[in-house]
Amino acid sequence: MKIKPLGERVLLKRIEEDEQIRGGIIIPDSAKEKSQEAEVVALGTGKKDDNGDVVAFNVAVGDKVLLPQYGGTPVKVDGVEYILIDEDSILGVIA
Amino acid sequence: MKIKPLGERVLLKRIEEDEQIRGGIIIPDSAKEKSQEAEVVALGTGKKDDNGDVVAFNVAVGDKVLLPQYGGTPVKVDGVEYILIDEDSILGVIA
Amino acid sequence: MKIKPLGERVLLKRIEEDEQIRGGIIIPDSAKEKSQEAEVVALGTGKKDDNGDVVAFNVAVGDKVLLPQYGGTPVKVDGVEYILIDEDSILGVIA
Amino acid sequence: MKIKPLGERVLLKRIEEDEQIRGGIIIPDSAKEKSQEAEVVALGTGKKDDNGDVVAFNVAVGDKVLLPQYGGTPVKVDGVEYILIDEDSILGVIA
Amino acid sequence: MKIKPLGERVLLKRIEEDEQIRGGIIIPDSAKEKSQEAEVVALGTGKKDDNGDVVAFNVAVGDKVLLPQYGGTPVKVDGVEYILIDEDSILGVIA
Amino acid sequence: MKIKPLGERVLLKRIEEDEQIRGGIIIPDSAKEKSQEAEVVALGTGKKDDNGDVVAFNVAVGDKVLLPQYGGTPVKVDGVEYILIDEDSILGVIA
Amino acid sequence: MKIKPLGERVLLKRIEEDEQIRGGIIIPDSAKEKSQEAEVVALGTGKKDDNGDVVAFNVAVGDKVLLPQYGGTPVKVDGVEYILIDEDSILGVIA
C-alpha cells in the first residue's frame, strides 16, 4: 500500500452496496446515512498511551468493519478511493 | 452474532412494547421519548484504562437494559434491527 | 427492586409535596423549579476511579435527598414513577 | 442542621445587607450584582482527589464568606432560606 | 487585611493612572481596554496539585502586577475598592 | 533551513499538483478541498509527555505526507512558501 | 527589563517590516494577517509540570521568532511597545 496512516488512523476501502447485500448485512433505511461497510487496508503507526507505549489496534488488515457515514477523509491512490479514519470511530467488526 | 462491537460499545436488540407491558415495566408518557428496553446481544472489545487493562463490562449478554432514546447507531443484520451503543449510555439493568 | 442502575446512577422516588411540608422543608417560590425532595431506592454499580476501584456512594438506600429539577430520566416500574440520576447531581441529604 | 451537603458543596446563609454595612464591607454599585456575603452553615461530604482521599475544606462552619451572585441553589428549611454552592465558587473568607 | 482569598485567587488594589505614568509604564491606546496595573494585597489559600500539595504563588504581597481588563471580581472593604482574581490571569510582575 | 518549528509543529513544503499526478496519487474531486501532498522540511523541538520526555516524531525530514486542507500557517522564506502544522494533523505518509 | 512575565508567558518586541525584508523572510500576502516576526525580550517564571517542576523554555532571550497575528497582549514600557504571549503560541524560531 502506498499510504501509511499516522497515529490511530486506519486506511479503509469501502465495500460496494452489492457486496453488502450478498453478505447478508443490510443497513436499514433510517440508518442509511449513518453507517456503511468497509475493509481495513492499512493500520496507522498507533496511538501512544500515557507511558509512551503504542496501543495495539482492535482491527486487523483484511477485517470488514462498520463505519458511521460522517468522519474520515477520502483519498484516491492509483485511481482507487480510500478513507482515512480514527480506529475509535469504527463501530464494529463484521464476522 | 455476525458483528463484534469495538471498544466500550455493546450490541442491543430492542424489546417490543408488547413484551415491555407484560414485563411490568411501563415507561411513563412524558418519558416515552426518553427511554426504552433492549436486550444485550454482544459486548465490545472493551474500554482500556490508564494502565492499558481492559475494563470489565457491567452488563452481560442476555441482560435486559433501559436505554435513553437518543444515542446509538441502528444496524440491520440478516433482516433484524440492532443498536450499537456505548455501555456508559445504558441507564440500568432490569432484573 | 426491578431495576439495578449502572455506574454512578441512583434510582430515586420523588416525595410528594404534602409530605415535604409536613417534614418542615419548604422550597422557596423562586427555587420551586430548581429543587425537589426524593428518597433513594437503589444504588448503581458504582463509578470506578483511576485504579479501577469502585468509589463508595455518599448516599444510602432510604436516604432523603434534595434534587435539582433538571437532570435524571423518569421511568415507571409496576405503575410507580422513579428517577434515574447521577449521584453527583444530588445536592444534599436531608437528616 | 437538617441538610448535609454532598461532595464539595457547602450550605450558606446569606447575611442581610444591614449587617454588611455594620461590618464595614460594602459592595460597590457596579459589583452589586456580582458578590454578596454569607455565613457557612454546613460543609459537604468532601471532594475526593485522584487517590480517593477526601480533600479538606478551606472554609469552616461559622466563617463569613464572599460569594459571586450567580451560582448555587436556594433551599428553605423550617422557614429559613439557605444556598447550596461548591466551595470552589466562594471568592474569599472575611476576617 | 479583612479578606482572605480562597484557592489560587489573589486580592489586588488598582494603581491610579497618575502613578502609572510616573512609574514609566504607559499602556498604549489600543491596549487601554486590555491591561492595567495593580498591587498585590493578599494571597489566597493556594491551588493544590495532584498530590494535594499547595502550589507556591509566583507573586508576593506588595508586587506590582499587570492585569488584563476583563476577569476578576471587584469588592469594596472599608471604602476601598479591590479586585479578586486568579493568579493565572495576571500577565506579569513590574520590577 | 532558516526556521526551526517549536513543539510538535513541523515545517512542510507543498508538492505541486503536477508532481502529484506523476506520483500516481490523485485526490478525488470531492476531497480536493480536504487534502493535499507536502514534503517534510524540518521537525519541531518536539512535544513533551507527562514525564517531560520529548516524544519522537512519526515523520522524518524528506517524507512525503498527506495534509488536510485546513490547518497550519503559511510562511515564506527567501521567496519559497512553507506550511507550519502540528504533526498530529498530518493524515499519513506516502511511501 | 521592567516586566517579568508570569508562567509560560514570554515578552516579545515586534521586528519592523523593513528589517524583516532585509532578513530574507517575507510573509506571503495571504498570510500577512496570520504571522509576524518578533524578538524574545524576557522569559516567564515557567510552566509547572505534573510533578511541580518548572518546564524549560524552547526559546531564549534574543531569539527571533514567528508569531500568529492573533493572541498576546500589547504593553508599552518607557515608550516602547511589547507583546506578552504564551510560548506555546509561538510558531517557530528563525535561525
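As written, the chains take the letters A, B, C, D, E, F and G, and residue 1 is the first residue of each chain.
By our rule, a contact is a pair of C-beta atoms (placed from the backbone, for glycine too) under 8 Å apart; a residue touches a chain by one contact, two chains touch by 3 or more.
Not measured: the values here are computed from a predicted model.
Chemist: How short can a path of touching chains from chain C to chain G be, counted in steps?
Modeler: The distance in steps between these two chains is 3.
Chemist: How far is the middle of chain A from the middle of chain F, if each middle is the mean of its Cα atoms, in Å?
Modeler: Computed from C-alpha means, the inter-chain centre distance equals 23 Å.
Chemist: Averaging over Cα atoms per chain, report the distance between chain C and chain F in Å.
Modeler: One centre to the other, that is 52 Å.
Chemist: So what's the Cα centroid distance for chain B and chain F, whole Å?
Modeler: 42
Chemist: Identify all positions of chain E at which a residue touches two or more other chains, and write them in rising order.
Modeler: 50
Chemist: Under a traversal of the ring that begins at chain E and continues to chain G, how are the chains ordered?
Modeler: E, G, F, A, B, C, D
Chemist: For chain B, which residues count as touching chain C in their complex?
Modeler: 24-28, 30-31, 34-35, 49-50, 53, 55, 58-59, 65-66, 68, 87-88, 90-95
Chemist: Spell out the part of chain G that touches chain E in their complex, as residue ranges.
Modeler: 1-7, 9, 11, 44-45, 48, 50, 52, 73-79, 81, 84
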